[in-house]
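First chain written, first letter: the chains are A, B, C and D, and each begins at residue 1.
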Amino acid sequence: MMRVKVFVTPKEGVLDPQGHAIERSLHSLGYDGVTEVRMGKYLEFNFNMSSQGEVESRIREMCEKLLANPVIEDYRFEIQD
Amino acid sequence: MHWGVIVFPGSCDEQDVHYCLSDVLGQKVKYLWHKDRLEGNWDCLVLPGGFSYGDYLRPGAMGRFSPIMQGVVEYARKGGLVLGICNGFQILCEAGLLPGTLVRNASLRFACRQVFLRIEESNTPFTCLGKKGMLLRLPIKHGDGCYYADPLTLERLRKEKQILLRYVDSKGKTSPSANPNGSLDNIAGVCNEARNVFGLMPHPEDAVESVLGSEDGLKIFSSLMNACSKGGRKAWRE
Amino acid sequence: MARVSTADFSHSPITPDVVASHGLTVEEYQKIENILGRDPNLTELGIFSVMWSEHCSYKSSKAYLKLLPTEGPGVLQGPGENAGVVDVGDGLAAVFKMESHNHPSFIEPYQGAATGVGGILRDVFTMGARPIASLNSLRFGSFEDARTAYLVKGVVGGIGGYGNCVGVPTVGGEVYFDETYNANILVNAFTLGLAKKGSLFKGRAKGVGNSLMYVGAKTGRDGIHGATMASEAFSEEAEKRRPTVQVGDPFTEKLLLEACLKLMEKDFLVGIQDMGAAGLTSSSTEMAERGRTGVELELSNVPLREQGMTPYEILLSESQERMLLVVKRGCEDKVKSIFSRWDLDAVVVGRVTRDRLFRALFHGTEVARIPILALTSEAPVYSRSTERPKDQDEVQRLDLKNIAEPKDLGTALKTLLDSPNLGSKEWVYRQYDHFVRNNTVLAPGSDAAVIRIKETKKGLALTVDGNGRYCYLDPYVGGLLAVAEAARNLACVGAKPLGLSDCLNFGSPERPEVMWQFSGVIQGMRDGCIALGVPVVSGNVSFYNETSGVPIYPTPTVAMVGILAKVERHVTPWFKSEGDNVVLLGSTREELGGSEYLKVFHGLVRGTPPWIDLKLERAVQRCCLKAIEKGILRSAHDVSEGGLAVALTECCVAGPGRPLGVRIELREMMRTDALLFGESQSRIIVSIEGKKLNRLREIAEKEGAPMHVIGEVGGTRFVVQPMIRLPVEELKTIWCNALEKRLQ
Amino acid sequence: MMRVKVFVTPKEGVLDPQGHAIERSLHSLGYDGVTEVRMGKYLEFNFNMSSQGEVESRIREMCEKLLANPVIEDYRFEIQD
């Protein structure tokens, strides 16, 4: 069984109002050194698959079909045994 | 005219659409359950507003995989009329039936209010009883209504005249303050290239009787009725 | 994963510390021993602890609540069920209730408020009613407190996040800010549902042998009685089994709502109840009490979200979005198939028994055995001692001679409009869907919300009101005024009251001063209800709203429901047309005690709240109602916090279009601040075409309501001769931004 | 300047309705092997600080004050130069 971690982030150029709002709040709390905040999603799950080989391609599928919206989001994942 | 209203788990406005079509407009309407396959003959399918799958992950992301959606996609590809309102719009974008997508409101807050909309094109079955430049007053109520498409897509939408509704002020002007959610180019509703699929964030079904404050929503439904009547279909295609 | 064996668990020694950490007194523990004829095990102790808690047993308030009038010709169900029910005619019934979720909302504002909404929705659909409208009554600390803005954003976000997702419109509410709530915010949520009169459901476990079925979300360690954390038996693996904050799942709630309403169309159901506070334990015992039966539960059948949960935890979990059904024997599979359509769990977890015992088994071994009545009607009841606070006289003393009248009354008005208590609440209600279900005739922004009842000509009006400051200064008068103001708000839109629900938010009942306040408020509410003919059909008490020994202001909130025979005859508060006459129904007295003006301008919370003459109140309300029924009014708005000047400003600026000016002349001889900002009761500002004035005069005379023509609508200025002359646009801007600017 | 990555996840035992719904959805798409989905937030930002030493404690502060809700969420972060 593997533990999979998926990171979904707003695509470059797509506006990120949440990241923006967080940046402003951090500044108002005195953390001026913070810039270029991007806010995304983080998913973790266990994955059980018999045939080892195609694990990566299966996860890529899940991301493209469901977990990320390719119009606005990029994704990346890590697999831990 | 036969209308089908698709019910997703978490749909909230399906009864509003049903009431508006059957009680106010005297149409034949049936609910279609998301787990069923699409069967039968329909003149128009409506994907209502609400929070399919709780809007979890992304609005519309899971609803698009409901079993019935396969049939909806085929139906749309064959030229069938599909209207997506609010969450229905979001689902249609996720399903690839409409370009672009809807993201978090710029304010990051849910927005419920009456807005003014300007009809931008009348050569569609959804707006054929309207006139270019005509104003509608309709409610919005959404947290993720900010329309986004990449620059190329946006350019194509303008060129192909697929932008059907824009948020405007009471005088009919687009302006940042008339834009309730930060949508690109004040876009409130778009159709596909074939002009048979339309998605909009405002709720025409909640503005169909004077006692509710506005009847402007009828424009959209009666346009569809007109388009489906004898000869109507031809009219909007020209 | 390590498991705590049940045996170890239920045989943990019950030390005085364990008893105390369960919030039980020595006497209460002795009572438990007497009832059982033995020592309880830890699971049983936990059960007693929650069932005898103030929250479940109403042990301090019971004696007083009896004073409230709960009957009336339209009452179909008074207090005692999951929600109250009134008849609205046409074979329909309105089902409604209000509940507090104060403490959870302070700890985690978004989830606390969200789960508060979830709970009240379940209380209503449990009765077989589809929820069609919600209200919320909120109290926060002052904006000087750093946490206030955060709490406001979280609570409002949570109410919207949950209610919107479930598809129930939030059509009204109220929000106040005061230091007294800095460390104890109040979140009171109200829901109204509509049902067919003949198909109401009750929380009754009837029919020995019928099945208890658990439906909805799985059980986790959510919100298990906090006291247990301290107990010895829990030290081992403490971190893992720490009770967790409840998180709302509105999506599951929506599915549960639809599935339950579908089930209720069939003939499988005997009783149904939401698993709220004290979860499975209280829902099953309360149903058994009402059904005069017993229950037997097999806890190993309960769907669990986490591993290794003990009977104690399963019984006391407060996981959300769960219901307990009593199902006719043999119909279980049919029930399952209905719930599976919505992908929800439905499992048999027990049965109704004859023995009037609460019995819980875990894998066949009995882990608890307690007489039902010991947990319900025989729970301890206290008559707490009461004492008038020593400083009450001092607090009520207000010598107006020492209060300077403002030199510039225009500036004073602007200062008041900028108070978050008086400014527009639009920032709040923008975040609530108030259109869904297309019934909303009057959205938030009026004196009361109005929704139409489909397939009839009728409408329902809803409002919630309560002024903690008035109750602090004089509990009796404050309680009375809450009821009077709610009824007056209904009158302003043209509705007659049908009934009310309330939340009584107070400090610790163990404090005699608090009980004195409680008793006063109840008596005031009672007299108000009797005088205005409004029964109390449901409600909720929330004690222990205090921090470091300082209780909040006694704060009852009153949610009242009224009916309009013809919904299109409703009236809105704002002026409509230039040239209309402005008329004040009622009269202004020289009084400033407890006013927002005194607080904002002079920093004082003092004096006695405004005087009320119930006969006059009735006359003014009747006059307004009659005039609306006759269709002669253009607008009606009650005068409340901020007084006449603020109410008049609202009439000018609160409408959807451009603001309208007004020109007012007041003839009363009194202090200018009392005249403009005093909060005299029983006053309604109406506007009317000149040619209809005589008809209004006739009605007013007949009803005995004082009536003064005080001015005329028109122009772009807000003019009160000779004191104030300001552009209405400027006032509108101040009023609109008062709250929003503090939440940037 | 550093690039900071923050991972915010629901605390153990706290209900995660989103994770739950995603899991069901993945199952119905045929990915049966997926279990224990947890859904959280992912933030990235640049951080500029003069005194190297206290960077970690500053970020921890930000997480506790703003980026995570300690009542229901855990957080973890990584710093890259």
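Before moving on, here are some points about what is shown:
One rule holds in what follows: a residue touches a chain if its C-beta (ideal position, glycine included) is under 8 Å from a C-beta of that chain, and two chains touch if they have at least 3 such contacts.
Since the model is a prediction, treat every value here as computed from it, not as a measurement.
Among the pairs B-D and A-B, the greater number of C-beta contacts is found at A-B. Per-chain CA centroids place subunit B at a distance of 35 Å from subunit D.
Averaged Cα coordinates give subunit A a centre that lies 10 Å from the centre of subunit D.
Taking the mean of the C-alpha atoms as each chain's centre, subunit A and subunit B sit 30 Å apart.
We define each chain's centre as the mean of its Cα atoms; on that basis subunit A and subunit C are separated by 41 Å. Counting only residues that touch two or more partner chains, subunit B has 53-54, 56-57, 62, 65. For subunit D, the set of residues touching two or more other chains reads 17, 21-22, 25, 29, 39. For subunit C, the set of residues that touch two or more other chains comprises 249, 251-252, 343.
Interchain contacts (touch definition given at top) occur between A-B, A-D, B-C, B-D, C-D. Those residues of subunit B that touch subunit A in the shared complex are 57-58, 61-62, 65, 93-94, 100-101, 103-106, 108, 146, 148-150, 182. The touching residues of subunit B, counted against subunit C in their complex, run 9-13, 15-16, 19-20, 23, 35, 49-51, 53-56, 109-114, 139, 141, 143, 203, 205-206, 208-209, 211-213.
Subunit D meets subunit C in the complex at residues 10-17, 20-21, 24, 69, 71-72. The touching residues of subunit B, counted against subunit D in their complex, run 53-54, 56-57, 62, 65. By the touch criterion given at the top, residues 157, 160-161, 164-167, 249-252, 254-255, 341-343, 429-441, 452, 454, 567-568, 656 of subunit C touch subunit B in their complex.
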